[in-house]
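When the chains are written out, they are named A, B, C, D, E and F in that same order, and each has its own residue count from 1.
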Amino acid sequence: MQLHLSAWPEIEAYLTTSKAILIPIGSTEQHGPLGLLGTDAICAEYIARAAGDEGGFLVGPTFNVGQAQHHMSFPGTITLRPSTMIAAMTDWANSLRHHGFERIYWLNGHGGNIATINAAFAEIHHATSFDQSGQTHALRCSLRNWWELAGVTELIRSLFPSGEGSHATPSEISVTQYACPGTAKSAEMAVKIAPSGPIFDAEDFRRRYPDGRIGSDPTLANPEAGKKLVDTAVRALVREFQMFTKG
Amino acid sequence: MQLHLSAWPEIEAYLTTSKAILIPIGSTEQHGPLGLLGTDAICAEYIARAAGDEGGFLVGPTFNVGQAQHHMSFPGTITLRPSTMIAAMTDWANSLRHHGFERIYWLNGHGGNIATINAAFAEIHHATSFDQSGQTHALRCSLRNWWELAGVTELIRSLFPSGEGSHATPSEISVTQYACPGTAKSAEMAVKIAPSGPIFDAEDFRRRYPDGRIGSDPTLANPEAGKKLVDTAVRALVREFQMFTKG
Amino acid sequence: MQLHLSAWPEIEAYLTTSKAILIPIGSTEQHGPLGLLGTDAICAEYIARAAGDEGGFLVGPTFNVGQAQHHMSFPGTITLRPSTMIAAMTDWANSLRHHGFERIYWLNGHGGNIATINAAFAEIHHATSFDQSGQTHALRCSLRNWWELAGVTELIRSLFPSGEGSHATPSEISVTQYACPGTAKSAEMAVKIAPSGPIFDAEDFRRRYPDGRIGSDPTLANPEAGKKLVDTAVRALVREFQMFTKG
Amino acid sequence: MQLHLSAWPEIEAYLTTSKAILIPIGSTEQHGPLGLLGTDAICAEYIARAAGDEGGFLVGPTFNVGQAQHHMSFPGTITLRPSTMIAAMTDWANSLRHHGFERIYWLNGHGGNIATINAAFAEIHHATSFDQSGQTHALRCSLRNWWELAGVTELIRSLFPSGEGSHATPSEISVTQYACPGTAKSAEMAVKIAPSGPIFDAEDFRRRYPDGRIGSDPTLANPEAGKKLVDTAVRALVREFQMFTKG
Amino acid sequence: MQLHLSAWPEIEAYLTTSKAILIPIGSTEQHGPLGLLGTDAICAEYIARAAGDEGGFLVGPTFNVGQAQHHMSFPGTITLRPSTMIAAMTDWANSLRHHGFERIYWLNGHGGNIATINAAFAEIHHATSFDQSGQTHALRCSLRNWWELAGVTELIRSLFPSGEGSHATPSEISVTQYACPGTAKSAEMAVKIAPSGPIFDAEDFRRRYPDGRIGSDPTLANPEAGKKLVDTAVRALVREFQMFTKG
Amino acid sequence: MQLHLSAWPEIEAYLTTSKAILIPIGSTEQHGPLGLLGTDAICAEYIARAAGDEGGFLVGPTFNVGQAQHHMSFPGTITLRPSTMIAAMTDWANSLRHHGFERIYWLNGHGGNIATINAAFAEIHHATSFDQSGQTHALRCSLRNWWELAGVTELIRSLFPSGEGSHATPSEISVTQYACPGTAKSAEMAVKIAPSGPIFDAEDFRRRYPDGRIGSDPTLANPEAGKKLVDTAVRALVREFQMFTKG
């Protein structure tokens, strides 16, 4: 069930059965010469919607631009300042809380988002902690990266024993190839496996990782692997969301 | 051409031929008993992508949650504070400016966004006006509501001579029925044509417009009308975006 | 009745009879070689105070610096960032709400303010929409541009059938000549009627409109026209404010 | 010379002779049963304009709502949050700096503003201190309370040897009676001289100072005293502004 | 009693006997060739803790970085923007209020903090003034500069009849020499007594005060004077804090 | 070498040899019935200063209040909102960058700070990424939790094979017992080992962890263990800081 494809009476009805919703959260940032700029949002959104359909739970709109300052030396990247992202996530959460939601499960597609998402949770929970009116019910936020859902990390390891790396990975690109048929790119890679290292600002990033990849060989990506990853992730997500709902 | 389905070298290449991009901007808010919560984002996104394909220009990710405080008494609505929306739009614009974009055409699907979008433009242009470094090139932002594209207003009038109203209109719902097959809803309407009036806060809104519609009869919506509206809007948008690019 | 010329017991007494107040809102920005930098604040303030006297309603202090980033290439212009203006208007509104006011009618003198004023209203109404304490009573804000009061647009058309334009207009300058005797300026105009076009940042503005006017011939301005405009505006405003009070 | 009554070419000409401007800054807050809500803005504005006329220097628009949270239990008071006031003052100062002004002399009419004005100066100077572009010229802000201008404190002491107090003072009310003929109020005072003490929040303030005065007997106010105060203040201000301009 | 050396049950117990706490507040900024960068925080903290021990009251953590933009041309200075400092002090105060504290006495070590501290108080009291829930109890904040405690100004005058000045003073440096044995520095002074004057931005400050001192001769500092200052300040502070607690 | 105990010429000299500084960062929050409210700041500060002395590098002031909203149901806890913490850390970093520092190593004592610290890094690096002036040199921030320094995790495991838990741990309390002699507390524990689980808001936290501990048995703490932990951490920190300086 997708919020943006529902009418308000359907959400009203859903709330009589569950107070939990899933928000996919991604980023719009370069993913190397082969990866889509929308990779992180596409992965989170595709897996979330498939799981929502299978598990009968509600999936909200996708938070599609996140924290990507370090990718700004590659054209097409769009980033929020962390402080803006915290304000926006807080507004989303407060809107959902206003309608009676008590649990928001954020399915994340971008490692660079993790810190800011958790800081936003603290900002959201802060308001609850300081509220003494007795009128604001508690809202719990929880974060899960799709590649850490039960079984997915293991599957990635078996699919791509080398060349997975940490940015523009064959696994995430496989998911987009499966989710968005016809969008696979081809390009010459200067080096098969990209270098690895730390992340600071954008110029430094481009100097370290000239084509945008970190430690990965995305030429390994294929839609069949994408299907396997999605299937495994969806199965785990349905179970985990149910747990979260009850938690 | 869609940014989120492109790799960064494709955007780099695009920038050698054009400095203009289109950003669809909508809202996630109730649209009456029949309309989708995602109506405004869906309309703007669908028309934008079709025009981008036809006109060969770049369409960015959709800004999918906007200014909808007045719809908050209907479950499912999500809203940003205007100050958050200004911060987020500024971040998007500054990211695109950083890559060399000089024109952002925002195709809007929600009347309630207009004021805040224009305020955000003033915030963005303010930075240009106060910059004295000579290093920041000017960025121009422009807003167009899809229903005001050349020929669309007239088409709406001929398709729905009565019952168009101003919120949860048959025209926008027709577009979603065409763009998202299988999402049409049915519901009993307490009154055929909803009341009209001003907009203040959410509670007042619900008192005036009990089922969420303003002045409209959305039962008139149909996918065939949606196709006509999309076709007319796309034709006009392709022409207008070209003008904007040169302007 | 003017708030700044009243003592607090007078406002306490007023509140037993009415919960409505008018705030004049202008801008401090160039108005071409002939127009006063304070034109927009002067027009709104003068009309508001005359109407307040005639209609017996309360007029608050004038919000005299607004959104004028596009005029910054002309000396003397002062502007707020839109986000600052939203914060300041919110503080004014919350102060008045605290005393029991339930209606604020903002009489505006500057087209460039409209978007930010409406965004500020959304910010103010947002707080009401999200308040669940039952302790904050609703506050309604409403905007009216003085040149759109009943009869004024028509009068302008008849007084200045050509050369009214959209900035540094003969009508607004006529009002200041009437309201502030002795402040009329004279200057050579390079062209009789200034060019027209869109508005982006300040440098672009000055390039398009070298002496600051848009589409206008302010040499047509005269205090007699100013008197007619004020009289018509005041009559309409007294009626409209009464309606607003009851609305 | 008043900025709001000037056209931009006049300011351009002024800047060739002086880089200094005076901004009157007041508050809109209760001043006891007899004092005007606009007292602080009126005093600063009236003295500033008279001095500007005599000294031939430029006086900008009046910053008419300030820091008055502690007066909020009396109807009519309007206050900014300190953080908003800092943002607004920063915007005013940056606008003036943009045009080439290098000195802003803020003539203050409200003791409660002093801390926030000085904090705003620190915010404004902070930007200069951190700027390394070499492109932003330094801007110096300076604060003067009108009642501390040379000779004024002594005059107050001789005019009102007792009953001056610290809020709703006979001296400031005398100035408004002189500046705004016909606005003098009369009221019974429960006690001749109001109590004195510290200031915290609004409720506490009203408990300590039931009619809004602190330590004062405003029935002593008279327009003749007002004239003397204005004359003395104007003389001192002309001299001091000249010093400031050269400083 | 020091908060950071207590466990939470001890604070719970303290609150049954007193609702008052002292927060030392300083700055990290240059204090001339001889003075420690931490001088202001060290003085406030040392005196506060000694008084807390003697008077049996609670001393919180030290707010150790304040408003020091004007010292930024000297390496080692760290400063908050005033707006950040207001936000941080508000968070500290709201946390303490949440636990039931009703009085916060801020013992200040830095003249440059005074305006921003008082602006922060206004921001904190503003929230109380606008709260209508009846659930937020009032919190009173009060500021005291340690060098203005009863008897201290007189002692300074007698210890350092000349050369005290206003920044990097022998009195504050004496306190640090007493509080932090072994940290005394020696350096050649270009002039015995530093120049005096106003404060604007950092570059201007360094031009006026080349080695960072204002009007002072810190070579006069000695730990014996420091001990006398501390003893006098502590005695006065114990008495004053008790008064404040009851006030 | 400690910044707050240095005079500015000493920092100027240090900068000719190194562009790196260490900032200890903690929290002021409950640590169970036995732990000090200042535990996290004390641990980070003590280890940092000892390492700075041994390694000859510069240690700045301690950032002593952090992100602790979840501990707010225990008296004495003080917390910043994440957005305030980001603003404050940004100000600290910009101040240091202004003086020429290029590396800031933040030694952290509180798990709850990690997300917000990393979000603040993104905010700081964001400014570098968007700066096109060529005048702002890059600043790199890096985070290390003291308990993850080389060898420390292993040492903790051997010292406290059971009962370490994740909050109010015997290891951190041991460090404070060693660092602050005489501050050890004693208390009856309702259960030997506290429960474990997730963290949301403060009320929920207290319900899950009634005495404030998570999974720990702090009665195991002892100063001898503290000494071992400090010694191991200091050795690792000296090495790691040298690497960071060169990185």
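Assume contacts are C-beta pairs under 8 Å (C-beta built on N, C-alpha and C of every residue); 3 or more make two chains touch, one makes a residue touch a chain.
Predicted model only: the values in this text are computed from it and were never measured.
Using the mean of the Cα atoms as each chain's centre, the chain most removed from chain E is B. The chain with its CA mean position farthest from that of chain F is C. Taking CA atoms, the transformation carrying chain A onto chain B includes a rotation by 180°, reported to the nearest 5.
Because chain A and chain F share one sequence, their contact can be compared position by position; here over half of the interface residue numbers appear on both sides.
Chain B and chain E have centres, each the mean of its CA atoms, that are 53 Å apart. With centres taken as mean Cα positions, chain D sits 46 Å from chain B. Among the residues of chain C, those touching two or more other chains are numbered 72, 79, 81, 83, 87, 98, 130, 133.
By the touch criterion stated above, chain B contacts chain A in their complex at residues 2-12, 15, 28, 30-38, 41-42, 60-62, 64-65, 72, 74-81, 83-84, 87-88, 90-92, 95-96, 98-100, 180, 183, 185, 187, 212.
Contact residues of chain B toward chain C in the complex are 67, 69-70, 72-73, 79, 81-83, 86-87, 112, 114-123, 125-126, 128-130, 138, 140-142, 198, 200-204, 247.
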